[in-house]
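Report on one structure; see the data block that follows.
Order of writing sets the chain letters: A, B, C and D. Residues in each chain are counted from 1.
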Amino acid sequence: MSNKLTHEEQEALVISDDPEHPANLISELCREFYKLGWVTGTGGGISIRQGEHVYLAPSGVQKERIKPEHIFVLPFAQSSVPKPGSKRDFLRIPSKKGLSESQCTPLFWNAFSMRGAGACIHTHSQHAVMLTLLHPRDAQSFKISHQEMIKGVRIGGVGKTLSFFNTLEIPIIDNTAVEEDLTESMAAAMDKYPDAPAILVRRHGVYVWGNTWEQAKTQGECLDYLFEIAVKMLLAKLPLVEDN
Amino acid sequence: MSNKLTHEEQEALVISDDPEHPANLISELCREFYKLGWVTGTGGGISIRQGEHVYLAPSGVQKERIKPEHIFVLPFAQSSVPKPGSKRDFLRIPSKKGLSESQCTPLFWNAFSMRGAGACIHTHSQHAVMLTLLHPRDAQSFKISHQEMIKGVRIGGVGKTLSFFNTLEIPIIDNTAVEEDLTESMAAAMDKYPDAPAILVRRHGVYVWGNTWEQAKTQGECLDYLFEIAVKMLLAKLPLVEDN
Amino acid sequence: MSNKLTHEEQEALVISDDPEHPANLISELCREFYKLGWVTGTGGGISIRQGEHVYLAPSGVQKERIKPEHIFVLPFAQSSVPKPGSKRDFLRIPSKKGLSESQCTPLFWNAFSMRGAGACIHTHSQHAVMLTLLHPRDAQSFKISHQEMIKGVRIGGVGKTLSFFNTLEIPIIDNTAVEEDLTESMAAAMDKYPDAPAILVRRHGVYVWGNTWEQAKTQGECLDYLFEIAVKMLLAKLPLVEDN
Amino acid sequence: MSNKLTHEEQEALVISDDPEHPANLISELCREFYKLGWVTGTGGGISIRQGEHVYLAPSGVQKERIKPEHIFVLPFAQSSVPKPGSKRDFLRIPSKKGLSESQCTPLFWNAFSMRGAGACIHTHSQHAVMLTLLHPRDAQSFKISHQEMIKGVRIGGVGKTLSFFNTLEIPIIDNTAVEEDLTESMAAAMDKYPDAPAILVRRHGVYVWGNTWEQAKTQGECLDYLFEIAVKMLLAKLPLVEDN
């Protein structure tokens, strides 16, 4: 760790009266996501990149009880792109004992570096998981069309919004024993599906991103809505994709 | 835009200590509707007409985070009835950059001008969408009878309340790529079904109105309840309409 | 109306700093019941009897927005037991224009006079309504056994609590066009099923009571839980009643 | 009862400004659990052991309305391990009339004494109950594999966390008429399944514990998530356990 900031400089990175400061937003949004069933049991979370700083929640803690002083801050420009088990550069490590940065760190970095995202959300939403369970085991992606909520989703998560007549496609990758080990397969899926606004992880959840935290959140809501209605449609034996 | 008000006069249109002021109500009700799952992912909203003023939320923003200062105010008496792409007259445009008035504007106007409504709500409720999905593709309307909650719904949305022994009928129209393009088919359905208190939009949601915001909201709740129970009944193969 | 109290005496009946005052409780509990989906769209409510006073919410208003000053107060000792269309004696009528007492008044009185209840709750819970819909049209009652939550329910709603090995039975009566017209059939069902803690109304909801508001509320929760799980069991083709 | 503390000493055991004091936590967590549907209708609750003190909620009260002054405090070192009907030693009994300690007391003690747990939660979650109902009547346990949320669960509730590739197994015991009478069969199941982090009770709910209240709560959430998704999977005829 190449941290050269004083304690005061480190605290200044996360303590702010501005409710829109990333450290305040992460705390507030995690409480909201908990109510949505996205981050129950310490799972899931959100990371925000603001300019050259990346704000991260700790790993394995109750997400609805995070406080700004628990937030890690990393320089976006790392000595090396975060990989499973790699060393990371930090600007701030919380002083509370026993906290380590989110295990999703290299996955969030995929969104930041490959898509230029400003925020990335990871949820364990049951709608996402049930959707993967209702697909064949070797399904490579989920497709849905002709839903108004598709219009809230952007090409690649950061481009133009889709049209009602576009078919939304989201890749599904297999889960791994260690969360960080999803890094490569997530990156490969992002390469193969450049227009996809999210990555579904079988029996696990979803990663979704956007240019800003607002776009990441609203796309997360649109996608979760689509996952939920797709599950209902599959159980009712309704086709997910229609001809135009 | 024929706006001749000073900045102070414009602000006075939306800043008020009265919780029942339309700008405060729209902000509060959108938070409530978010909890109900009606306006997730920036979708849906509510417009209130008070005398000669119409209050509108912005388009494409998080509805649960709207503040009174984000509200547009339009004269109800427009140079021409709002149509897709038409120019609108404004009394107030929020100073926050990048906001435009709700894409539902001409649809809300249908309720104001054709029914004399004082408020119109648009939701993306999954109950409404699933209900349209469980109907045949060419179904023209949804019908239900013998439900206590029917008694909370008014003839045409603004007349006398229905009886337990009345059959409620709500037209279903097809969705379009651009929300404004629903204007004509919604108006045509309102003409054809003068007693209908709402318009369902296939794979999209519902428009519901009332004489006042209270009536629009309570009818929205009664209808959403009926959509939800109708979905459950269809999945359980129970008939929606009974003989008296 | 035989109201002889001054305006100040009337206000003193509902304005209190005590959160356990019936006028405060009704307002608070209706907000809670709204979150539970029991009183959406102005439906449902609660009445509390405290000694010789009965506290009632108004009819046809948003139950989650009731304030103490909207509460009606009636003497429990009426000139004649409330019946559909009968005149009632009041101690306090809210000054807000257009309010009338709950249409459930004579139904609440059934619980007060026939069971000595101290509170009665009426809900439009979808679990209650779906349960009646999943029963045959001529079913006279709902029965369930071997559920821990049965232990939270009292014989006749006001006696000893049931055991895990007791079968709970709740009569189902048919709905009527006017809510007050349920008065007689509810009373007849209470006579025929003296141990029943509640009355289900087909395609409408449930009436449940208790010695106190706490017992009415907790029994309402236990019963709503049982209605919900019974619906799930019926849809999964599981029997509701087991042999001991 | 061998209580030798003064009234002031007793009050000091539960009155604290620290939100992390067990008496404050139990009150707050019960409100949270109520929102999750875990402790509706007075059912369920949580007990916290801190060093030599055990904090218990009262029996048969609305769990979402518990206040710190309603909490019982017992020495963990009892004259004899709590059994059904046995006498208990108390450090503090609430002065409010009519309160008795939770009927789950000897069951919570199983977790404290057999696993060294620091907290034990009991819920009536419908997901737990439906899961037991969807198992054959003589099923001894519930098994699930290949779910990310399994990773939030610890071996025996207090050891190392499980891996994605581990199969989670939780015993199911039969319910009894009196809650305390579950004490022996719960202990027997804990003996037979030393790795199990919880005990399911057929037609009743679940007991789950952890080293701390945080671990008990987050494991309770992970397990409730798994119960919920297992119910959905069983209804969709998906297998709960996969080969590696």
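Note that a residue touches a chain if its C-beta (ideal position, glycine included) is under 8 Å from a C-beta of that chain, and two chains touch if they have at least 3 such contacts.
Here is each chain with its UniProt name: A, B, C, D = Methylthioribulose-1-phosphate dehydratase.
The structure presented is a predicted model; accordingly, all values stated were derived computationally and were not measured.
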Worksheet item: What is the size of the turn, to the nearest 5°, that moves the C-alpha atoms of subunit A onto the matching ones in subunit B?
Response: 90
Worksheet entry | Self-contact between copies subunit A and subunit D, residue sets same or different by half | different
Discussion item. Can you compute the centre-to-centre distance for subunit A and subunit D, using the mean CA position of each chain? Integer Å is fine.
Written reply: 32
Response to the item:
Whole-Å distance, C-alpha centre of subunit A to that of subunit C, is 45
Discussion item. Give the residues of subunit A touching no fewer than two other chains, as numbers and ranges.
Written reply: none
Worksheet item: Line, ring, star, complete or other: which describes how these chains touch one another?
Response: ring
Worksheet item: Which chains touch which?
Response: A-B, A-D, B-C, C-D
Worksheet, complete the sentence: In the complex, subunit B touches subunit C at residues 146-149, 152, 163-165, 214, 217-219, 221-222, 224-225, 228-229, 232-233, 236, 238
Worksheet entry | Interfacial residue positions of subunit A with respect to subunit D in the complex | 40-43, 62, 124, 126, 129-130, 133-134, 175-177, 201, 203-205, 235
